[in-house]
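Look for chain A in each of the two complexes below; its partner is chain B in the first and chain C in the second.
Presenting the complex of A and B:
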């Protein structure tokens, strides 16, 4: 009974202190499990095998041992019980505690959604917007509007929570040098104007927002090579954990593009492509960890490349097969048969796949209602498709009727 | 790249071990996964993770970062943000002209005015309202630089064009992609010493690939040999443009592509014109201007199409080529 007397590990009366029924106690003794030391390192399955007792009983016994230990000595929360303090952490014991949540938790705590300003896309396909808990990949041919959408999202994320937005700030990681701050200024000004129109209330949460405050909530990083890109992703988690509480939380991280620096310098060295795959999947793991831990949307832009298969030439997302499985959601920006820009949702968590039309106007990334697309396509038959002045302004759009700021 | 011995906060034992194992630069660590580091340096996982994180922190310190607001302030303080092209509508659409700090591509079929436009832009550098002795780098791959034409065109600009101006155009003749990358890497001194305000590469697609790769000989249709170079070339050009905040202009030709299968915008079996060098290069430029020839009735009409730009949508600007250079024609004139 007296654990304090001798070394608790080899105390011969240990079993007596355990609240175990008689049958099981006999079985434990038969298996030679009498002292605390004997139980060291045992898991539920191995104990049940050695003592020939059911899993349930084995779990109860191990829990009881842990509880007992908890009162006498500190026990770490490792999956395999460590009964002694002298145990030095070895390679095997180094693992991070895993967060567990039930399906109910997930149901009761819906993820925030980041609107794209294309209502058809947000409402009909994305179930509210881009999910703020996972990695979303946006692919597209050169010049279609990937960067435009990225800049729009960096602004949209700042929509106040009172209006159903994320009320957060953005991190914009620019690898290509295409981030145009003047353009972001326009997009932000138009978005603010839109918010003020929606609320119509001087006292509302929008009144203390300004274009300058919106710009200051976008943190911009310029990356010149893949080493910098990997390093930044490596420290991002740590940085976000240390972020000051009084600032708006980061709710979107945009990498525009993830591809550029990974498309040169790898295919010349031996084993380069394998290295690239490893580095990319490592980066993608970290990104989804960030998305999950901070409930923020991670947007990665991807370029396209040409593939030839059986003499058929087609356009496919760059970076290869392994990468294509990494992201949770996938949007593909492309031109349809009528040269209209459309966004095709090919993979989406909690949403529907399909495609909707969009356009880039002076105010930013905007959707075109389906009805209007059909009307326009009828009209196009007698028009020159490559007509002059096909710039953003000429496309009739509900957002476009508002005066530009 | 940063040397490991300059990284602060590393354990002495690990520092020694890195040195012994030939890890001299930060990328040597970042390039490897945690497991590779554990194996090479005989570390446990926590130590390997710590090492990667410490090196990463050190690299991230030197990354350019700021809020968009600060970025805007910085840009507004800069007096040279755009190079005026002399075509009012183009300048208006691009918010002032060819943007500094980025790579702009001028694409078009043969003799559509690409070189003329390049000369035109070069002359605009001298037309700026500054007294400084600005210079231009013209990287010539096809011997297309025509001094007589430049002198002729110089009548269109307001400043008095002299021999001194011509002297300030530095011309480099090169033939291969390797030459270009080598040249660009050594360009810093030229840019600083000669106060270079514009870099032109005319034309980028005429460059030969000098690399001797086996698969290139066995499989001549394999263009993978060129692809990494294109990416590197693009990254080098962009870095130069951004570091010195100057515009970089490259010209490129169109090529025919026979589409034999599925593509997102064309039907099967159609032949159409695309910029040469492929999609990878297409992604790499920030702004693309396409010079188009098209016939309207009897008269030929030339147009500049802004095909890709982070600042404006697709639009068309009609222009004409005269002995004095490239000029915009108003839309009314064109209709008439």
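Presenting the complex of A and C:
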């Protein structure tokens, strides 16, 4: 913004960027010193006389302005230093615009997608996979498979770019202690096996991968209370900015689960609910910023709670009304009417809403073709299906005959 | 307060300025406050000179006068119709589409369709043959270019090509209130410079959603030793700047807001717009939208939404209409409106 253009619309905001205290700010406004141009040619004495502020404050203000202008000379105690040496600031002043991109740029350069290994979900609903530029909330009842999906995604993100994957590393933030390294080992081994099956043996991008290398690309943090959780998210931004360039970039951040420490171990005394909402809002804002700046998928796992409305109870995501606005995409893991596990996509950017069935098998998170679901449903009507769990006991026989997805 | 220095050299000479400064008169306000005689004495000049200076000051700083006819002509020459996609909303809740030079606010819970309304309005602006452009300020990474293209493919009223339309939208991701302020200052100065085609034809600025920027700022949680009211002041600054840009450059603002639970006693499951009372005065039109539930079965009606007029300077409040969310964005409801 050219300092010689005085625009009544925007002049009033310069003083806010100077960070002077309230009394001095009022005095500056009363004296008519509101824009950068007004401070040109002022000495410490003349400034303090015109605005009726102490010498020391005048010196601070002129120092700040000089720093903004790019020249970092310190002002000596002599009151005869004149600011008129700089006719124009050497760099742009306070109005530095945020990066803007046109719709056409965004359309021509689509964001990366993180596959879930359930092709019905990836292809038909998600348009490739979980988007790598926004926050996705995954909600579900206990035991449905959220942590399994989280571990699968931490592995899937390492699919090489040459094969259409993200080619990145993962950060896994564990708040509940449900991360099982042995399980991740199995999932990674099966994923690598799958990659080798679908490529030639000469593909160097896959032959360079090993289960060990995949495990070392997952950064793991164990969080024990909400304060640790908040401080980790706070430093995450700086940490990602300073990440070494020769390592694969972080393309997924999984927080499993974001709810735990805010339900248990958070003292909700009077007024505490407002504090909790505020902390969660701040955290999700930072996560959105991280997702956008580093183009990575931020996946937060949420728990469920029951809500009563007009004497009818239903299951709803935890953490309340304000939190429900914060995520860009929402996936619900639930049991459908026939007690089959399904993913219900209720909010997705660049995709379609709907539901698809999934299952957890020894190899990890996989999908079930729709035809097979119908076949099984005919058979399952009489059975007690509470045995569906994470160990893959419920893998039907027909599934084993099909090639691994 | 304006410094006397700014009147130099057109209105006041260097000698008079020096004499004024010697007497401790630094601002226009102090000069106008005193009588002509007193000023003439202090500045060592005649009353006639002082009176002519005062006349020039008044000409320079008096408010400009427009007639309503001027404003009408200006609107008609630079205005375009910004449709939300639903004929019922445009006609019964708004005045022939989103009003330029005002701020329109859509409030609703999650999944009610706020982003869809923003995208449809954006599309209606940029696919207009008048080469108008739009700025989409996104706080939640929710701008979906594929959805935009999908809407374009499924609408019959687009007058430009898809490539042209996409090129006329700019998306800015902001996550802090101070970033939004900087961005708006940048926009205002670019429009004033009149050197860019994009800013010259800017007709619509969308902020989706504005709540997330302000929930971070609070005087109680994040106390600033210098300025405990930093958060509210920033909100005031942003609202004022939006209003000024809207009226000065004839630009429509479309903002979306979230809801919070109403904590009044005797109200359960009632929601109210977020950001509270300080933000209530921001918009001139406020519309609440929600998912339509079937009255008997209490289930969601697929793709149907209701819109209720909360605040308007054109229509009576509490009007309710329905609209659809379909593959082409916001579409007209077949059943019409229910008053």
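Everything that follows uses one rule, which is that the second predicted complex is superposed on the first by the 279 of 405 C-alpha atoms of A that agree within 3 Å, B and C clash if a C-alpha of one lies under 4 Å from a C-alpha of the other, contacts with A are read in each partner's own complex, and residues count from 1 in each chain.
What we mean here is this: a residue touches a chain if its C-beta (ideal position, glycine included) is under 8 Å from a C-beta of that chain, and two chains touch if they have at least 3 such contacts.
Note that the structure is a prediction, hence the values are computed from the model and not measured.
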* To do: Kindly classify A:181 by the partners it touches after superposition: chain B alone (first), chain C alone (second), both, or neither?
  => first
* **Touching partner for A:288 - first (chain B), second (chain C), both, neither** => second
* Considering only touches as defined above, state whether A:212 meets chain B (first), chain C (second), both or neither. => first
* To do: Would you sort A:143 into first (chain B), second (chain C), both or neither based on which partner it touches?
  => first
* More chain A residues in contact - chain B or chain C -> B
* Asked: When the two structures are overlaid on chain A, which partner does A:312 contact: first (chain B), second (chain C), both, or neither?
  -> both
* Mind working out whether A:304 is in touch with chain B, chain C, both or neither, as first, second, both or neither? => first
* To do: Mind working out whether A:45 is in touch with chain B, chain C, both or neither, as first, second, both or neither?
  => neither
* Asked: Between chain B (first) and chain C (second), which does A:278 come into contact with in this model arrangement: first, second, both, or neither?
  -> both
* Asked: Both chain B and chain C touch chain A; at which residues?
  -> 94, 275, 278, 282, 312
* Show which residues of chain C lie in contact with chain A when the two form their complex. => 1-6, 26-28, 109-111, 126, 135-136, 139-149, 163, 165-175, 179, 181-183, 185-186, 188-189, 192-193, 209, 211-212, 215-216, 218, 221, 226-227, 233-234, 237, 241, 244-245, 248, 258-261, 269, 271, 274, 298
* Asked: Where on chain A is chain B touching in the complex?
  -> 90-91, 94, 141-143, 147-148, 154, 172, 176-185, 212, 215-225, 227-228, 230-232, 234-235, 238, 257, 259-261, 263-268, 275, 278-279, 282, 303-306, 311-315, 318, 334-337, 339, 360-362, 386, 388-392
* Structure fact -> In the complex, the residues of chain B that touch chain A are 1, 26-27, 30-31, 33, 44-46, 52-53, 55-57, 59-60, 63-72, 75, 93, 95, 99, 101-103, 224, 227-232, 234-235, 238-239, 241-242, 259-265, 267, 278-280, 282-286, 288, 303, 307-316, 318, 331
* Asked: If you look only at chain A, which of its residues touch chain C in the complex?
  -> 1, 5, 7, 9-10, 12-13, 16, 19-22, 29-33, 38, 50, 94-104, 106-107, 110, 127, 133-135, 275, 277-278, 281-282, 285-286, 288-289, 291-292, 309-310, 312, 320-322, 324-326, 328, 346-347, 349-350
